[in-house]
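Both of the next two complexes hold chain A, though its partner changes from chain B to chain C.
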Partner chain A sequence: MLIPTIGIEIHVELKSKGKVFSKGKNEFSTYPNTNVTVLDLGYPGILPQLNKEVINMGIAASLAFHAEIAKEMHFDRKNYFYPDLPKGYQITQQKTPIGSNGYIEIERNGVKKKIRIERLHIEEDTCKSIHTEHATLLNFNRAGVPLIEIVSKPDIESAEEAVLYVEKLRETLLYLGISDVKIEEGSMRCDVNVSVHEDGTPFGTKVEIKNIGSISNVGVAINYEIKRQTEMLKNNVKIVEETRRFDDKTMTTIAMRTKETGNDYRYFPEPDLPYIHVNEAWIKKIEEKMPIMPEVLREIYQKLGINEKNINAILSNKKMCDFYEEMRKNMNPIILSNLLTGDIISFMNKNSLEFEDIKLEKNNLGGLVEALERNDISSKQGKEILPILITEGGDYNTLINKLGMKQISDADSLLELVSKVIDENPESVIDFKAGKDRATKYLMGQIMKASRGQANPALVNKLLIEVLENL
Partner chain B sequence: MQGLTSEEVEHVADLANLVLTEEEKQKFSRQLSDILADIDKIGAANIEEESKILIAPTENHDLYHNDETVESLKKEEIEKNANKTSGDYISVPKALDD
Partner chain C sequence: MTNYLSLSLDEIHSKLVKKEIKPLDLVLEAFDKIEKNEKLNAFITLNKESAIEEAKALERIEVNGLLFGMPIAIKDNIVTKNLRTTCASCMLENFDPIYNATVVEKIKANHMIIIGKTNMDEFAMGSTGETSYFGDILNPWDLTKVPGGSSSGSAVAVSARITPFALGSDTGGSIRQPSSFCGVVGMKPTYGRVSRYGLVAFASSLDHIGPITRTVYENALLLEAISGEDSNDLTSSNKVVPHYVDYLNKEISGLKIGVPNYYMSDVINEEVRNKMKEIITLLESMGCNIEFIDIDYLEYAIPLYQVIALAEASSNLARYDGIKFGHVTSSYQTLEEFYKKTRSEGFGNEVKRRLMIGSYVLSGKNANIYYEKALKIRGKMVDSFKDAFKKYDLLIGPTNTDVAYLLGTKQDDALKSFYDDLLTIPLNMAGLPALSLPIGFNHDHMPIGMQIIGDYFKEETIYTLASVLEKTLNLDLESGKKC
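== the complex of A and B ==
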């Protein structure tokens, strides 16, 4: 039985205002070469200056991933010759990564597992190169954008675990608010190392897979690679250490052309940047500003009695989750979670809207939740009101009255209705006496219809049975 | 300190995408060996505490910018030092060896 061993390296672009070593704007632009300084272009004689906010973000990420934070850091030069880096080296943290020995806890089928993180380090992004038939075109907007690279230990044993790890990592960074973490847009990039080995033997030769464009394709690429390597070993073909790229058209991995000399980056300390010291006070300051992490919220929601489906839906949308956090303390959290994850998400999907695009006035939604809790209105009526509240806004109570929706929960007036409908349907009474269930259902329908949907169904049902049984 | 071999010079040249003649290889092998020998003298200095070695040639530390931004260079300024441009891009000979 062959066992897969998987390690993942993730690069994440940080959302600081300025770049990591220059004051160029760290902003996405559709126009090439419009956020560029001499530092980003790598001109001779430049002197980098470290952006403090990037260190703040690095500390926050290290804390979130339970990593030890380096108290004294410096940067290193990684030397290589390629046009995406005109100065001939990338400034990175080889020797003193800001975070080390952290972990991410994943949960699969109720079983928790820690995936260890070897290191988190800060580095600069390169410029973006586009290869045409005859030339390589360079866009320096991305040059110098701060990156955090997060390297896992080879603790991942399946494609499913890998996907869970990447999802958890993404969710955490999203909640920290330090990156957009959109793999499709390149603000998160995943490189995966895969090897297979026989149980009880040393690790196999690892193959690196690059260019994976979505989280689900991380799983697809790994499964393909496990199968490919397994077949090779079965046929006694030696696996070579190489870099392959994922091709999303064929859903396979393809060998990339590799230099025979291999990687030789000749790292040495970056003399242009002085030492950085991080003390406990600085860490504490960041810690105090840390948002509540999704894993903590999950536990809180479980205790509130929210179902797993609703919890997942709320946590997967940061903006919605912020809204829920603000609202849930003042009203019934279960009803609120049902509204958000049911009717509101379907409204968003139907109209192709993001959560932040919809007008949800807190007071009005609160009014609706309370009305539902008191059974003033039925959940069916809630469904009708919600789109109007979203599209038109306005005061909840005025709207209810305008729509004539207030639920009738007054037993006397309901009893009047019940008696009237029973009088009109003597056949149903006979059916009821004969023990036919559908008779009650039919009568219920008639009463609800007569009340134009405003009758409190639970109360009507109770009254109806009472009257029928006493006939 | 032993000098750099011709193969080592070749390797370094290859990393920088440089093609050297036999003559150049010998010349650089000599020059680089001299440089390394000089660096060895620094390495031989007796420093009691390794932590006193400065990586940056300054005693200043913890110098930052505070997430400030400046306006971008203008298109003409960016293109001034480029041999070739194509639309808004800087164009270089095709490089495809990942």
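== the complex of A and C ==
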């Protein structure tokens, strides 16, 4: 049985306001070659700037992935020639990555596993090149867009683990709010290294797969590659170190180029940028501003007694989660989670509403949750009220009064009502004495009807039993 | 022809204030002199139309400073908006920048008038003025001799009194060596004192911009004008810029001055050494305390330079690939051929030679063997200088091992021309300020330069000594007179 060994390198575009080494705007989607400065063009005489926002994002990502943060770091130049590289070198962090020795914990069938992260480093993106039949077009809007590269250790042993790793990484960055992490749009790019080996023998020759366009295809590509390599070894075919490209039409990997021995990037420290010293105070400042990570929230929600289905639904939607976090401390979190993942989200979806659009706030939603918790209103009534609160907002009590849904919880008036209904239904009293349960249910229904649904059902029930038993 | 540009700065200024002359008179005289001295080949591009326009515009403004209306020449590796900047290379023969270097903005803010872009060694690589794509530059003291380089045209323009002011750049001696060969005052300030933004990079950790002038006074004025922190250059310093002229002609008695033994060893031409000895005797007589000292690793200056400067250059010049600007080859089949032909045609031999060495020393294991090791030695040399400045206010020595030599002498020997920078390179490695001051002539009446080296951001101490010596020596340094 061959064991697969998988390592993943992920490039993520950061959504800082500006580019990393110039004052150009970080907006790729605008008209080509409009967000370009002399720096992004690699003009003679230019010197790099340093966007501190990017360093802050790098620190936040390092913290989120439990990585050690470099206290003294610098940038390096990676030298090579290619038309999409304006200066003939890329500014990156070869020697002093901002983060190192981190991990991401994945959970599969209830078993937790740490996938170690070797390094996270900051670098600049190249131009976007578009190859047409007769020419290659360059869009410098992307030149200088900040990237974080996250390199895992070869700790991943299956396609399923790889997908979980990428999903977890994506979720974390999404929660940090530092990237759109859209693999389909190129703001996240996954390169996967796969090799297979017999248990007890050294690692096999690794093959790199590029151009994977979705998270699920990360799994497909890996499974295909494991199968391909296993068959090669079975047939005594030697595996060569190469780069392959995933083809989403055939769902296979196709050879691109063999790795030339020792790619020579002539790295050396970038002399135009001073060393950066990161002290504890700086790190602490970032840490304080960091949102709570989904893995932490999951534990909190489990302790609150929220069911798994609701937890997953809340965590999968950052905006919903933010809303839940804002509300939950002021009301019953379980009832809130039911409402949110049920009636609220379905009403929003039906009416194409965003969380910014809805008028629910701590007070009115809190009133509703509290009423439901105390059975002041029925869940059916709750369903009637919610759309009004969502679209119109306003005070909960005022609305209840306006709708005539105010509960009667005054024992004296209720007792009057109970006695009246009992008097009007002598057969039911006989049935009750004969031990027939449906008699109580019938009488309850009559009382509620007489109160036009406003009677507190719990209190009515208690009073009814008392009166019946004393007859 | 008028001859205002041979007057002292204060005299010119006073004539401007009294409205006896206009900035236009100075500008027109500068262009007349360029024409008269055409054979010197000091300029690549003239800024005639704009300069005349600017001079006329200044007539409507009150004279508001000593630099007001003064013509200045700019080395052609400092970018000037809409004024061709070639680096004396075929690669950038038709390159019109779309932005100004920070120093150019500062010069304009001082109402100085840019006369033109000066000829130089290609991409500042060379120390003879002979590697320019636009032809050899000649030494105004003797037209058969080199002016030194790479800021050849800037030193020549000032020496021939075409402009009183010029800007040069110095990566291994490129301001000080031609200043010494041409008998003018050239300052390489502390690394970070003057913004490098807009200086076409050769070796980023060694590149400096600095003033080349007729006198120490003018030098101090121009340095103050171009210095200061720049948000566009993260290696620039936020240290306050002193009013340097306040430090001129002050008491020098009691100054502690070190002379590195290596700077007086037999690698130095005897006549130059003897001139230095005279100066040392003179300074002692004026009350300076002079001691001979050792600075570590000075003898490794050239290999250090070849590794560090050329490694950085190989990266800095990678952008000239024909894709975005500069020379483009006319016919090609593949991308690789496009790169090869564009760069082979665009760069001259000296540049190509240096780029190859630079790429080599960074390749694979060589990075460890050469580059990393060079950085370590550089660090130790810097420490040794720092130790020296705990004891001394200034260090002095000759600027060069020799005076200007015949054109063509060193063209065939790639190593030899590096030796011109033997005494200047260490200060680029350390980032220390150093000025070249004319201290006399050899038997052939070729100027000899002396280097005055200060501690970090202590340019004012250098100016104090230089101004006192300049006054005491009282040399006639207008080169044109001899021809």
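By definition in this document, the second predicted complex is superposed on the first by the 334 of 471 C-alpha atoms of A that agree within 3 Å, B and C clash if a C-alpha of one lies under 4 Å from a C-alpha of the other, contacts with A are read in each partner's own complex, and residues count from 1 in each chain.
The definition used in the following text is that a contact is a pair of C-beta atoms (placed from the backbone, for glycine too) under 8 Å apart; a residue touches a chain by one contact, two chains touch by 3 or more.
Everything numeric here is computed off the predicted structure, so don't read it as measured data.
Asks: Should the superposition on chain A be reported as showing a clash between chain B and chain C, or a fit?
Replies: clash
Asks: For A:Leu137, select first, second, both or neither according to whether it touches chain B, chain C, the two together, or no partner.
Replies: A:Leu137 sits against chain B, while chain C stays out of touch.
Asks: In the superposed arrangement, does A:Tyr89 touch chain B (first), chain C (second), both or neither?
Replies: Touch status of A:Tyr89: second partner only.
Asks: Which partner does A:Lys114 reach: the first (chain B), the second (chain C), both, or neither?
Replies: Neither partner.
Asks: By the touch definition at the top of the document, which applies to A:Leu47: first (chain B), second (chain C), both, or neither?
Replies: Once the two structures are laid over each other on A, A:Leu47 reaches chain C alone.
Asks: After superposition on the shared chain, which partner residues are touched by A:Lys449: those of chain B (first), chain C (second), both, or neither?
Replies: A:Lys449 contacts neither chain B nor chain C.
Asks: After superposing on the shared chain, does chain C or chain B touch more chain A residues?
Replies: Greater contact footprint in residues on chain A: B.
Asks: Between chain B (first) and chain C (second), which does A:Lys17 come into contact with in this model arrangement: first, second, both, or neither?
Replies: So A:Lys17 only meets chain B here.
Asks: May I ask you to decide whether A:Lys227 touches chain B, chain C, both, or neither, giving the answer as first, second, both or neither?
Replies: Neither partner.
Asks: Regarding the shared-chain residue A:Pro271, is it in contact with chain B (first), chain C (second), both, or neither?
Replies: Touch status of A:Pro271: both partners.
Asks: Answer with first, second, both or neither: which of chain B and chain C does A:Lys441 touch in the superposed model?
Replies: A:Lys441: touches no partner chain.
Asks: With the touch criterion stated at the top, can you tell me which chain A residues are shared between the chain B interface and the chain C interface?
Replies: 38, 41, 43, 49-50, 79, 81, 83, 88, 138, 264, 266, 271-274
Asks: Looking at the complex, which residues from chain A come into contact with chain C?
Replies: 38, 41-50, 77, 79, 81, 83, 86-89, 138, 262, 264, 266-268, 271-274
Asks: Which part of chain C faces chain A closely enough to touch in the complex?
Replies: Answer in residue numbers: 78-79, 85, 87, 92, 95, 97-99, 101, 196-201, 203-205, 231-235, 311-312, 314-315, 317-319, 321, 323-325, 335, 339, 359, 362-364, 367, 371.
Asks: Where on chain A is chain B touching in the complex?
Replies: Going by the criterion above, the answer is residues 16-18, 23-26, 31-38, 41, 43, 49-53, 55, 74, 79-83, 88, 129-140, 210, 243, 245, 256-257, 259, 261, 264, 266, 269-277.
Asks: Residues of chain B touching chain A in their complex?
Replies: 11, 14-17, 55-58, 60-70, 72-73, 75, 78, 81, 84, 86-98
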